[in-house]
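Here it is, the structure, as structure tokens.
Should a chain be cited, it is by its letter among A, B, C and D, assigned in written order, with residues numbered from 1 in that chain.
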Amino acid sequence: MSSCYGKLLRLSIFGQSHSAAIGMSLDGLPTGEAVDIESLQAFLDRRAPGRNAWSTARKESDIPEFLSGLVNNVTCGAPLSAILRNSDTRSQDYASLRTLPRPSHADYTANVKYGGYQDVAGGGHFSGRLTAPLCVAGGVCLQILARKGITIGAKIVRIGSVTAPGFDPVGVTAADLAEASAHTFPPEAEEAMQAEIAAAKAEADSIGGVIECAVTGLPAGLGEPMFDGLENRIAQIIFGVPAVRGLEFGTGFAAAQMRGSAHNDPYTVESGAIRTTTNHHGGILGGISSGMPLIFRVAIKPTPSIGQPQQSVSLERCETDELIIKGRHDPCIVPRAVPVIEAAAALAVLDAWMEGHH
Amino acid sequence: MSSCYGKLLRLSIFGQSHSAAIGMSLDGLPTGEAVDIESLQAFLDRRAPGRNAWSTARKESDIPEFLSGLVNNVTCGAPLSAILRNSDTRSQDYASLRTLPRPSHADYTANVKYGGYQDVAGGGHFSGRLTAPLCVAGGVCLQILARKGITIGAKIVRIGSVTAPGFDPVGVTAADLAEASAHTFPPEAEEAMQAEIAAAKAEADSIGGVIECAVTGLPAGLGEPMFDGLENRIAQIIFGVPAVRGLEFGTGFAAAQMRGSAHNDPYTVESGAIRTTTNHHGGILGGISSGMPLIFRVAIKPTPSIGQPQQSVSLERCETDELIIKGRHDPCIVPRAVPVIEAAAALAVLDAWMEGHH
Amino acid sequence: MSSCYGKLLRLSIFGQSHSAAIGMSLDGLPTGEAVDIESLQAFLDRRAPGRNAWSTARKESDIPEFLSGLVNNVTCGAPLSAILRNSDTRSQDYASLRTLPRPSHADYTANVKYGGYQDVAGGGHFSGRLTAPLCVAGGVCLQILARKGITIGAKIVRIGSVTAPGFDPVGVTAADLAEASAHTFPPEAEEAMQAEIAAAKAEADSIGGVIECAVTGLPAGLGEPMFDGLENRIAQIIFGVPAVRGLEFGTGFAAAQMRGSAHNDPYTVESGAIRTTTNHHGGILGGISSGMPLIFRVAIKPTPSIGQPQQSVSLERCETDELIIKGRHDPCIVPRAVPVIEAAAALAVLDAWMEGHH
Amino acid sequence: MSSCYGKLLRLSIFGQSHSAAIGMSLDGLPTGEAVDIESLQAFLDRRAPGRNAWSTARKESDIPEFLSGLVNNVTCGAPLSAILRNSDTRSQDYASLRTLPRPSHADYTANVKYGGYQDVAGGGHFSGRLTAPLCVAGGVCLQILARKGITIGAKIVRIGSVTAPGFDPVGVTAADLAEASAHTFPPEAEEAMQAEIAAAKAEADSIGGVIECAVTGLPAGLGEPMFDGLENRIAQIIFGVPAVRGLEFGTGFAAAQMRGSAHNDPYTVESGAIRTTTNHHGGILGGISSGMPLIFRVAIKPTPSIGQPQQSVSLERCETDELIIKGRHDPCIVPRAVPVIEAAAALAVLDAWMEGHH
């Protein structure tokens, strides 16, 4: 395992789906930053399970207990740590996973890597549940960034075959991001996306999607190329979020089909500030922020836990066997992943901000 | 700058497009590994400029001088270092870039970050030329991995609107990879792709593309989740390659449109080995290699240096101004980026391999 | 703050003297390693406060709660995390420290660094109490190392003016180390050392000392020069232990007075193994273990918290003021620091061992 | 090997004693900093060999060629890299070392670690010659620090049995440090120290010593406890300098014999600034600079290369054998190590300064 991330801001995530608790330590935060517990909780609730039809039935209050790092809810320089107790665990549901790995889960690869000693209950450390402490850490960073005028928001732009428009790459505002974060689904596509999920669920199946994330208010000059540029940092943490299969910045894969004359973003001056008239570059050039909105999209695969019978292999008998997954699971994790992507982006951006301001 | 990469294998890249030399130090290589200079040079020649119609006219021999780390061409434990002299530099072509930044280049962002002190000649440290030392380092890793039965190869699967099929994600072999690497373009699409590039060039324009990379022979169990998993490591280095805008593993963004029942890869047993019958997961589950071929795709933007007049902003006068790029440049960097992607993948995989084998 | 340590084994320590809890996450441990909770507790009890005349009167049970990383008390690959609740806190004793810093404590430097936001209660994150989670982490490492035949032990070799002999640098055995760890003071000097402490305590004063640590069973070949050699790794963690002022390996500072002919350790063969007939090098040559016992000594300053009135400066009024420290404190922390040094050494050695065995 | 150091300032050292060249890359330097090549060369000349009676007879011009990182001798943000060609190599002198290791050198431990593939010529990467690129990097840092009012200087305080006083820990000034650095030996002890070295040389022997280093002008508040505090950072790099056996800060090991009432440094106010009336703490409290002069001492062992016959072991025959070292070597490396300690301190301090100023 290497559940540590960051250079000046160092995150350590710990816990398993069914361990006594999950948690995190976040070392290196600036001091004197108030943590608004109530709005943090509201942020965490966007990720919490058991709240609606497209989420697992597992109930967890997901209220973090802060153990250190705060004096009167203000950061004091010591590492910020918090834990969340696991309560609604049904480990017996997972007993068979040690020998009959679930397709497209980490059961098999973890078994090879950890020699059979891995915690299989609930997926252990590979569980999506580990994104809860990531959201605690990132949620605090979001508050700190907001005070610097930097806002991060994400929205669903695809569920299966249903799409919704992304942010305006040139004109997106902090208000747009706040509005987007206030909705689980984009209002104009909400019905269709929920129907897409319901259809998958009805067939004991799951469905994937795409999330777009934007950052506004980011000053130009952040990011350390070649290998700690903004893309590298964001990529390193985003690919630590379970189920992520792809990541693109700005125009992304579509840029591969474009001519330079169309993809290049002309410079202009607005109110004395240098900007670009289009934003195919997604706010990053040469690994460094340009001052334009930072835009990236993340592809999320369909939840591998489905109710249909699947073909697996018995690791004991080394022959194929049918697997019926019990446990509880989400037909679509994309809605719950939206705040996770925001949290991950906040950690990457704040770490880059800190390195860029010395 | 942070042109360092890796944990047990530590790469440092240095140099600017027009500095005395560019080079790299690669610390932590296993000892006793022979470096076949001739085949390394053949590998580097795939990236070298000035060889054909779709490459810059700049001529560089790109023959590395190894300064340390070898005894009789065998790794000795000391950091491996090599330099490549810059010879064909025309710095006068770039004098205006300090005040008139090229759209979609790092000229402007570097100017903000480095306070105007950055080396603008030839793009400085942001030049694609810095991929030459990356290829020296990665080329040595490719040779070491090959001795472990691990083969890496990449191919162009898109140039503009012209596509070519990727590797067979289940059945791809080392021989397939060697065959792919032997061709600049996929034979079946070579003519169309070259025509696409020629068309762009004829209009003083450029064109983007997509590269697919595969790794065969990778044992199951490599990668350290959550944040040093195989995707995280590959992503961190791949986004350090200039012009990369997107990265996807396995089925990638297309997975967002799939149901779990279709995307999940059933396990099976072949000759006593556990494999999957499909490979949507791209050889990585939970950040850990599964033993199936590792597959990823990289989106490359169209070269921002084009011959057409473009709108920029004078940093001195803070008003828009027309820019005519002189210098020399590639109408399409995708062909030359193929070995760079292979080299980057080799560095990531060997580093993960070293951590996974303790 | 940067309370993270290690490369393949990554320790994060969190907590303050009077926060809800203190704790640690230890990421990267080998799997399948049993944690003997009972013997770990015995190890922790050697450091725990409130047990005897030379320790603070603060009472803490110091029983760690493991939150994650274990399945049936066996390491599972996920980060090992544990917390210790703070119970016997008297924060009111420390209210004045924010404005009247204690000499030779971190009160003043923390105030400058953290802008007055630091937690002053009990010394905050600078408290010796933070060595408790260090001992939890290191105590687990000691158990893992023991199974590899590597034993670590430490002893007091000086309290003020009273000295005791160190280990036999050539012939020290695992049994010698176990014997040493079983005693708080070296038996032959126990009475004199306790008297030295009692004399200081009687005058509301404190006293320093020196601890010697030895590692037996370490195979030759561990350590990564130039900057991750064994000395570098041990030094980085040992200087993270509060009150450490010096560190020397082998003959150490005394080597400065020696001729090479006397300091050089002749090689010999014993039972087919290459050894040295003397061990001035302390088991490390060029940053790499030689197979001889690893020996180092650590200088511990007298506890800065003393009962006598001291001259400080009011940070509010910027003028000198008399300080009377209330709180509770140890007249000599050397006895309690012995297991801390063992724990720190275990973390450094296991991390080096892991990197050396890939 | 792990010849990389630093967090925001990343040093990579490469080369072997007899490789084509040795060199370094220093990534992360602030931009806009002029490098005064002439005064850098004067600094390097203090370390260069072949200049006097107590140095090896090997002649090397040791003039670095800067390859990158500078535009008109001003740092440009790209990694600063420099190489020094090796010219006066006599590799035949070292042929026997692969099988007959020199006592107290790294010959044996490197042979175990690198499986016999290590470069034995001139000690390979373990040679004191690798301190030349360290001095290039550190020499540049010294110039940058000087512009911030931070001065670093070191002096010899012991050669064998001859001692000289250290710096005044409270009142030392930048001028004192410049004066100290201007002399190879402290004037008052020069004759006795040279006689001590000459006496060792006359008997084909070598002699050790102690170097004291001081830093003035360091603002309070630098250093990241627990494990990236100033002591930890300085220790990690200082123990990467060959032949270092001990390190102490402030009063160091002598503090172990002191009472707290004597060791504690009373605070006072001078010209509105908070200072201490004594400086036993050596300018660091809790890992953070206090604003008082930073003071540390380094123990250097006697050069292991001596002319007298020594007992070694034939690695081929696994039996003892007599070794006569040919090669060229210093009877005392302490004088040449003084600028190396200054350079190492400068790298540690500038890295801490950069992290402390964001």
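Methods note: a residue touches a chain if its C-beta (ideal position, glycine included) is under 8 Å from a C-beta of that chain, and two chains touch if they have at least 3 such contacts.
None of these values were measured; they are calculated from a predicted model.
S.K.: Would you identify the chain whose Cα-based centre sits farthest away from the centre of subunit A?
M.R.: D
S.K.: Report the inter-chain centroid distance for subunit C and subunit D in whole angstrom, where each centroid is the mean of the CA atoms.
M.R.: 26
S.K.: Give, as an integer number of Å, the spacing between the C-alpha centres of subunit D and subunit A.
M.R.: A distance of 45 Å separates the two centres.
S.K.: Cα centroid separation between subunit B and subunit D, in whole Å?
M.R.: Centre-to-centre distance between subunit B and subunit D: 38 Å.
S.K.: Counting only residues that touch at least two other chains, what does the list for subunit A look like?
M.R.: 1-4, 13, 28, 110, 113, 125, 224, 356
S.K.: Sort the chain contact graph into one of these: line, ring, star, complete or other.
M.R.: Contact map by chain: complete.
S.K.: Taking the complex as given, what residues does subunit A use to touch subunit D?
M.R.: Counting only subunit A, the residues touching subunit D are 7-8, 28, 224, 354-358.
S.K.: For a test of understanding, state which residues of subunit B touch subunit A in their complex under the given definition.
M.R.: Its residues touching subunit A are 1-5, 13, 101, 103-106, 108-110, 112-113, 125-126, 130, 158, 160-161, 200, 203, 205-210, 220-229, 231-232, 235-240, 242, 244-253, 255-269, 272, 274, 276-277, 280-282, 284-291, 299-306, 308, 310-313, 315, 318-320, 356.
S.K.: Quick check on the complex: what are the subunit D residues that touch subunit B?
M.R.: 1-4, 10, 12-16, 19-23, 25, 27-28, 31-32, 65-69, 71, 74-81, 83, 110, 113-115, 117-119, 124-125
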